[in-house]
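Note that the chains take the letters A, B, C and D in the order they are written out, and that residue 1 is the start of every chain.
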Amino acid sequence: ATAAVVLAQTAHGKAFQAGISRSEWVSPEDPTKVLGVPPGLVGTRSPHVRLAKLPSEISSRTPLQDLFGTITPSDLHFERHHNGVPAIDPARYELVIHGMVARPTTFTLADLKRFPSVSRICFLECSGNYRGQDDGKIAPQQICGLTSQSEWTGVKLSTLFREVGVDPKSTWFLAEGGDSAVMTRSIPTSKGWEDAILAYAQNGEAVRPEQGYPVRLLLPGWEGNANVKWLRRLELSDQPYHTRQETSKYTEAIGGGKIRQFSFVMDARSIITYPAYPAKVEKGWIEIRGIAWSGRGKIARVEVSVNAGKTWQTAELQEPVLDKAHVVFRYLWHWNGQPTEIMSRAVDETDYTQPTLKELVAARGGNMGYHLNPITAWSLQPDGQVLFKAT
Amino acid sequence: ATAAVVLAQTAHGKAFQAGISRSEWVSPEDPTKVLGVPPGLVGTRSPHVRLAKLPSEISSRTPLQDLFGTITPSDLHFERHHNGVPAIDPARYELVIHGMVARPTTFTLADLKRFPSVSRICFLECSGNYRGQDDGKIAPQQICGLTSQSEWTGVKLSTLFREVGVDPKSTWFLAEGGDSAVMTRSIPTSKGWEDAILAYAQNGEAVRPEQGYPVRLLLPGWEGNANVKWLRRLELSDQPYHTRQETSKYTEAIGGGKIRQFSFVMDARSIITYPAYPAKVEKGWIEIRGIAWSGRGKIARVEVSVNAGKTWQTAELQEPVLDKAHVVFRYLWHWNGQPTEIMSRAVDETDYTQPTLKELVAARGGNMGYHLNPITAWSLQPDGQVLFKAT
Amino acid sequence: LITSGSFPRPVNQTRPDTLAWPKTFGFGKPVTTQQLTRLDTDVRPDGKGLPAGSGTARQGKPIYAAKCASCHGPTGVEGPNDQLVIIKGLTDPAAKAKNKVIGNYWPYATTVFDYIKRAMPFNQPGSLSDPEVYSLTAFLLHANGIIKETDVMNAQTLPNIQMPNRGSFVPDDRLSTPAVR
Amino acid sequence: LITSGSFPRPVNQTRPDTLAWPKTFGFGKPVTTQQLTRLDTDVRPDGKGLPAGSGTARQGKPIYAAKCASCHGPTGVEGPNDQLVIIKGLTDPAAKAKNKVIGNYWPYATTVFDYIKRAMPFNQPGSLSDPEVYSLTAFLLHANGIIKETDVMNAQTLPNIQMPNRGSFVPDDRLSTPAVR
């Protein structure tokens, strides 16, 4: 169709040649009467779709209320880093594994890709992922937008442990990043044998810079900070290192003067993402939608209350329900227009049930801190406004 | 950390403010000594990662050999359209359902999103997805890059059929797009009741323009062309319409003067994506990797031959193995450096086994055409080159 | 031959998960006549959907020359875009196999009308009047040796055209078996 | 108290899918001494990893003023960035609860050395010499009331510093139960 393409190029040549952003195009009155844009090199979002993370000085949050399903687009994956995102040249990249190993080894990126590989869909979540606001005018993105989900591909850490001959006496290893925080965390060696992955791909493509390009540690179900990005070194040891991140930070007071350390696992959680601030709703049939996840394993069920927690009904879960993964839940409800509160609570396969904020704070001797996974309530106003309410 | 951010903005202010592309950054010699880029609005690819579709005049192909896992990044999803990608304003978007229905109804995009929703991961594939080349210098992208996979979210078509009261006597419906081809296909009404979806989301976000923004028809397992994009109208009928796409195109000669029409289902297929042209390999251990899929249901197994089809071994499948979805397979192999041919064949739950090209063409009376899903062989040369070979 | 019986007639199944649903959700609005007038322009083989108006090959000839020939060639065989008219007297088997056009491949004449109306000319889609489309349809059917130059194509005559290749089309026979077909 | 026994000691399990694997794949290269000299700078609570060199709070004071005070305040409490030194005499409970710094929160003094060396100053990470890091560590420990201004911090003395809050840290107690903890 040479002539057609010549014509197409007359109209759209720049887009075809230069991959010009679709945002420069205006929607015609009747698109059936205008020849469209020819096939391109890299796709674009519709200019009518505005999606963005919400950046602060230290993190950037996923717009949970704007998303569907369970996969987070890689460019909207939450960010949390301590000294910024480094720009790493993959040709110079090396991963060193040493310490209590028989064969201290350095791997290039190409080396890592040669090993037997694995893919899995799982969530990541920062353990500092909770925020409330008194006027209720906050969206899921603000409340708990420090969680996202990807399909990760990489090499099982156990495969590399085997390759370098990890000493059976090793109980901890240090994971170190190549960012300018030279981020370090101590991880139990058992997690490395169990299900840790060195991920070099995310949602089909190379891990994004914000998520650890070219290689990150992935510890399914464990707090984001321990999933060290831009991974450059693993040192096998017989004790933890007590780095700044695992002492000064990412520890939480739990009452009686005690501080919990090495609290890796993310407890079960859920949030209704629709209806949720800033959406407004009409009375009538509403499909209540949200996501639920647990670092302990699979979600067993999600319960929804439409009467401020008085009674609870079981929501429908979208199959497949994966281990340590965001799962979509839905509950069909007829709203009569009267003010009420709706909320969801996740129950995982260990029977752990997502608590209210009050229960959580009480269990921790009155302290707030990391690992806050409370039930989130949405208060439906007579005018259809949906406001956050702490539980 | 106000001061830190002030400093960060001095260095990176433009990126932070304007979401400047990471491709404008240069990797420093030692990234641990340079403060990184602060959290942003929308993530970017590493400038070291070059991923692109391969556009022709009428389609654009997914770089299968460059991808990992099963999800195709939305901007690399294959494109096939007949009169270009329209620019549709979602505020003016309407879907009309009429014909053999009790209540002819027009739905806005917001209306469609209010109905009970569903998500599923499945592949799409153009039924014209096969290409060979005599010198063997073609990558999976050229051979069969007209297939991609997404997590789709939308409303089940059966939900809308129920809403508008589809006449039980309806056997076919017309699906019509709002592009400038005003693309039309006749679809059996039974598929609508069974598992068709009107998808408004793809991999977490709105369907991309190239894939049918704001709403496309999704017919899991059925040839791409029938999954009408930019969907604007469904007319329920008691007979097919015999549109140009389903008569002049997307029909195939099968011998004896017969032409197969309405051949919707995509037969089982697989391809080794590593090692594959243009990769070069070394002798030693190689993880053979690829994807397999079937429009008839689940992949039962994938078999790999490393001796030009003389013997076959069962490959490992990455869980979860989903219905009508790309699944990753792997086979660990030690290459002694001698020339050989490696190939994979998919077997699905109906026991359909992917044929060679010769078997396929013989079964169709010597004809090529649509629905060519042959085994793809890769010929390993002594120098490690990997060349395509037709079977 | 493709009949409506070629595909299973679905029972209006009730999905188990819909049992607790209201009869209708009530989202959406009734379709208006204006909407259907604008959108419902499709044409079925039985002629349903064909508009008023008519045309002949003789009337179509100048329209074709003005609006189509630049892409499909002066006589519909030269391209550069899709060949629309049979090339006669081909002997090379490869060339013969590719010579699949309206006159020797398409099963229904109504499809010609439907497609031209919705998609052509490629660079000005949706710009033709119904008489123009009838005339162009007649022109292409005549050029392919199906009708006479003066035959009038309209809502009555077009569905009655017998296309030579119609009997070749068979429904899908693959799914009853795991065999390669 | 956190001990190595707080987490299960793993058996070097052999995954069933690895039984047919070679003993090693042989991908990668042996680590060199030069690589470890460059990379292996971490410091454990037992002092493993501490380099040669030493420093005192007195030596650290001018370095702090020159390289740290702009972000952490002249006395380590004013900010704008993280508070590094205990604020004494707080009465408001909310303010007291936030007063969690090196001197009253951190369990090990080695962490101060390790972190400053790897990440500070924020805008010039990795720029300090080992004696500078010893001196700054001594300065912050002194400012927090842990050591004297003239105490010499080096590979022998630093691991012996007893941090007051060390006994407060307990291992994770959540996973043995579905209860909220």
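Note that a residue touches a chain if its C-beta (ideal position, glycine included) is under 8 Å from a C-beta of that chain, and two chains touch if they have at least 3 such contacts.
What you see is a predicted model, and the numbers here were worked out from it, not measured in a lab.
Chain geometry summary: the mean Cα position of chain A and that of chain D are 28 Å apart. If you average the Cα atoms of chain A and of chain B, the two centres end up 25 Å apart. Centre-to-centre separation of chain B and chain D, using mean CA positions: 49 Å. Annotation: 75 Å between the Cα-based centres of chain C and chain D. In chain C, the residues that touch at least two other chains are 21, 25, 27, 118, 122, 125-126.
Those residues of chain A in touch with two or more other chains are numbered 1-2, 4, 32-35, 83, 114-116, 180, 182, 285, 332.
The touch graph of these protein chains has some other shape, matching none of line, ring, star or complete. Across the assembly, chains come into contact as A-B, A-C, A-D, B-C, B-D. Against chain A, the residues of chain C that register as touching in their complex are 17, 20-22, 25-27, 70-71, 79-82, 118, 122-127.
By the touch criterion stated above, chain A contacts chain D in their complex at residues 82-83, 94, 96-98, 103-108, 111-112, 114-116, 156, 158-159, 161-163, 166, 168-169, 171-172, 174, 176, 180-182, 184, 188-190, 192-194, 232-233, 235, 237-244, 247-248, 251, 254, 257-265, 267, 296, 350-353, 355, 359-360, 363-364. Interface residues of chain C facing chain B in the complex, by the touch rule stated above, are 2, 4, 6-15, 18, 21, 24-25, 27-32, 35-36, 39-40, 42-46, 100, 102, 105-108, 110-111, 114-115, 118-119, 122, 125-126, 165, 168-175, 178-181. Chain contact summary for the complex, chain B toward chain A: residues 1-2, 4-5, 8, 12, 16, 22, 25-28, 31-49, 51-53, 55-60, 66-77, 79-81, 83-92, 114-119, 151-153, 178-180, 182, 200-201, 203-206, 208-211, 213-214, 230, 285-287, 289, 318, 320, 322, 328, 330, 332. Within the complex formed with chain D, the residues of chain B that make contact are 1-4, 7, 30, 32-35, 284-285, 316, 332, 334.
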